[in-house]
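Each structure below appears as structure tokens.
Consider the two complexes below, in which chain A is the common component and chain B and chain C are the respective partners.
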Partner chain A sequence: MVDLYLLLIFMIIGAVIAVEVEDLLSAVVCVGTVGLALSMIFLILKAPDLAITQIVVEILCLIILIRATLKKDLPFSTSGRWLLNTGITVGFIGIFLYVASQALKELPAFGHPLMKVSETYLTDAVKQTGATNIVASIILDYRAYDTLGEATVLFTAVIGILAVVRRIGRKKQGEIIKEEDE
Partner chain B sequence: MSKEHESGMSVIVKTITRLTVGLIFLFGIYILVHGHVSPGGGFAGGVIIALSFVHLMLAYGKEVSFKKLPRAVVHFFESFGALMFLGIALLGFTSGYFFINFISKGQPFKLFSAGIIPLCNIAISLKVGAGLFAIFLALVLLKFEAEKRK
Partner chain C sequence: MSVYLLCLVLFCVGLYCILRKRNVIKIIVGVVIAEYAVNLFLALVAYRFEGRAPIFSPDQKILNMVDALPQALVLTAIVISLATTALLVGIAMRIYEKYGTFDITKIKELKG
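Take a look at the complex of A and B:
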């Protein structure tokens, strides 16, 4: 339990530094430490599937962020109605904390899950699907519709990104663009 | 930065990349095909396969990477993975309903077991790997275009 809290504190510190630091590369590295700590938390909570996925996606996101944002000076605006903005932010944080504290009372205690549905999976999954990794048998057999929807979301995201950043759509008049650098 | 990228990174990075990129690719395939036996699965395996190509592209520049994996092939694999996943789901109608596990289950703990789950893993990994590599290509090339225009 102590190591879990230590990692959570580490994540919060990393996130705060990522927001506060001036250098963009340092901020990206701090975001990376948050993801690393999250994958270690998944390992401690006995979820190796999630830990593998988290660390791999984190590495890819980090590389993309570094390649896409490095040496690009984004304007940092501090002027404006900071009093109003801060007030609204604090108000919403208060509301969310109150609602969360009310909702978390209803949840089962940490480490004592409700075993209504998952008990069936744990006892019957290997017999019914033949897959010894029960996570895989759930996401690809019992809950395959969800995975299909998730795959559709990813497909739509990729198509959207390619449509927004492709170059061929914004050529000027008279400019000739070869097919290869589309 | 732009010129450095065109010709790739230094000799040390290129040598290490040559030694490791095949192992990374193999590890991705291992994670992917053992997704129903051990932790891992299609998503993580696909991302690791995409990372091996990203690694190649960062070290050697985009020409070498495009020679290994042209843009059209990336887009083909992305659509093929999505259609394969949907096709496996639709094939379930031959023996019942959508997404039924219509292949024989086999023995647990064996590589060829669990019916359609390994096939779904392969489809998802094709989709995820090609999709994330396409996003990487789009964002990085956009950045170099913007630098060139300056």
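Take a look at the complex of A and C:
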């Protein structure tokens, strides 16, 4: 379990650097390291499907975010009520951490999951669905409607992106339309 | 139990970034970090000591597999998080085109 702790601490350090660094491109690259460490943690936690999906999604996410940070930007200002804002934020996060750590005591201990629902899946999946990969048999057979809803959300998000970023139909007079592909 | 606490700390780093930063790209970075933390938490709940990956092979009959149900649901959540991140980035780029800045305190004219 030492490797799990090391990777978790690596993720936290990478996240803190991503939050605090000034340059946007460096922040995006730090988020990429956090995602790749998460994929390795999924491998340690015996979830190979999650690790594969996480690696693909992470690289796509990195490409999208780098595309967004290619624009020039003003350096962000930290003037104003710095002390008040930070104090309120840290106080809220402290209350949240306390309540969540109290709630964590009700969970089963790490390494001993409740297997009430999964017992039937693990014992019957090969007979009932014919798939040797239990995760695939769950998302494509037992909970296929869930996957259908996921596809619906995915295509709705694609429609939203097209409606937001496309340039046709938003032309003002005298404005030159730049060709830009997403 | 301390594994859960480290995961919560990671979530709180993302939450701090969402609440405190003014740059839109930084806020998106915070949302992505919080998503990672939640996915990691669900995968941690599913873990079992000495467990195997939930894949059957013909010569093995042992049933000490890790919990497969949270893994299946996290698989759905990862894909959806990619879609929402792409939508956020699209909206942020439109904001930059219209106002010329990523700073949320400078975006004050909220009329179309």
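Observations
In this text, the second predicted complex is superposed on the first by the 169 of 182 C-alpha atoms of A that agree within 3 Å, B and C clash if a C-alpha of one lies under 4 Å from a C-alpha of the other, contacts with A are read in each partner's own complex, and residues count from 1 in each chain.
Just so it is clear, a contact is a pair of C-beta atoms (placed from the backbone, for glycine too) under 8 Å apart; a residue touches a chain by one contact, two chains touch by 3 or more.
No experiment lies behind these values; they were computed from the predicted model shown.
Using the contact criterion defined above for the overlaid structures, shared-chain residue A:Ala15 touches chain C, although it does not reach chain B.
Comparing chain C and chain B on the residues of chain A they touch gives the larger count to C.
In the superposition on chain A, A:Pro48 makes contact with both chain B and chain C. In the superposition on chain A, A:Gly111 makes contact with chain C only, not with chain B. In the overlay built on the shared chain, the residue A:Asp141 is in contact with chain B alone; chain C does not reach it.
Residue contacts after overlaying the shared chain place A:Val28 against chain C, while chain B stays out of touching range. Of the two partner chains, chain B is the only one touched by A:Thr129; chain C is not. Contacts of A:Ile59 after superposition: chain B is touched, whereas chain C is not reached.
Residue overlap on chain A between the chain B contacts of one complex and the chain C contacts of the other covers 48-49, 53, 57, 60, 64, 67-68, 71, 126, 132-133, 135, 139, 147, 154, 157-158, 161, 165, 182. The touching residues of chain A, when paired with chain B in their complex, are 48-49, 51-53, 56-57, 59-60, 63-64, 67-68, 71-72, 126, 129-133, 135-137, 139-141, 144-145, 147-148, 151-152, 154-155, 157-158, 161-162, 165-167, 180-182.
Against chain A, the residues of chain C that register as touching in their complex are 1, 3-10, 12-17, 19-23, 25-26, 28-30, 32-33, 36, 39-40, 43-49, 51-57, 63, 65-69, 71-76, 78-87, 89-94, 96, 101-103, 105. Residue ranges of chain B in contact with chain A, taken from their complex: 1, 31, 35-44, 47-48, 50-51, 54, 58, 71, 78, 82, 85-86, 89, 99, 101, 105-109, 113-117, 120-121, 124, 127-128, 131-132, 134-136, 138-143, 145. Residues 4-5, 8-9, 11-12, 15-16, 18-19, 24, 27-28, 31, 34-35, 38, 41-42, 45-50, 53-54, 57, 60-61, 64-65, 67-69, 71, 73-74, 76-77, 80, 85-86, 89-90, 92-93, 96-97, 100-101, 104-105, 107-115, 117-118, 121-123, 125-126, 132-135, 138-139, 143, 146-147, 150, 153-154, 157-158, 160-161, 164-165, 182 of chain A are the ones that touch chain C when the two sit in their complex.
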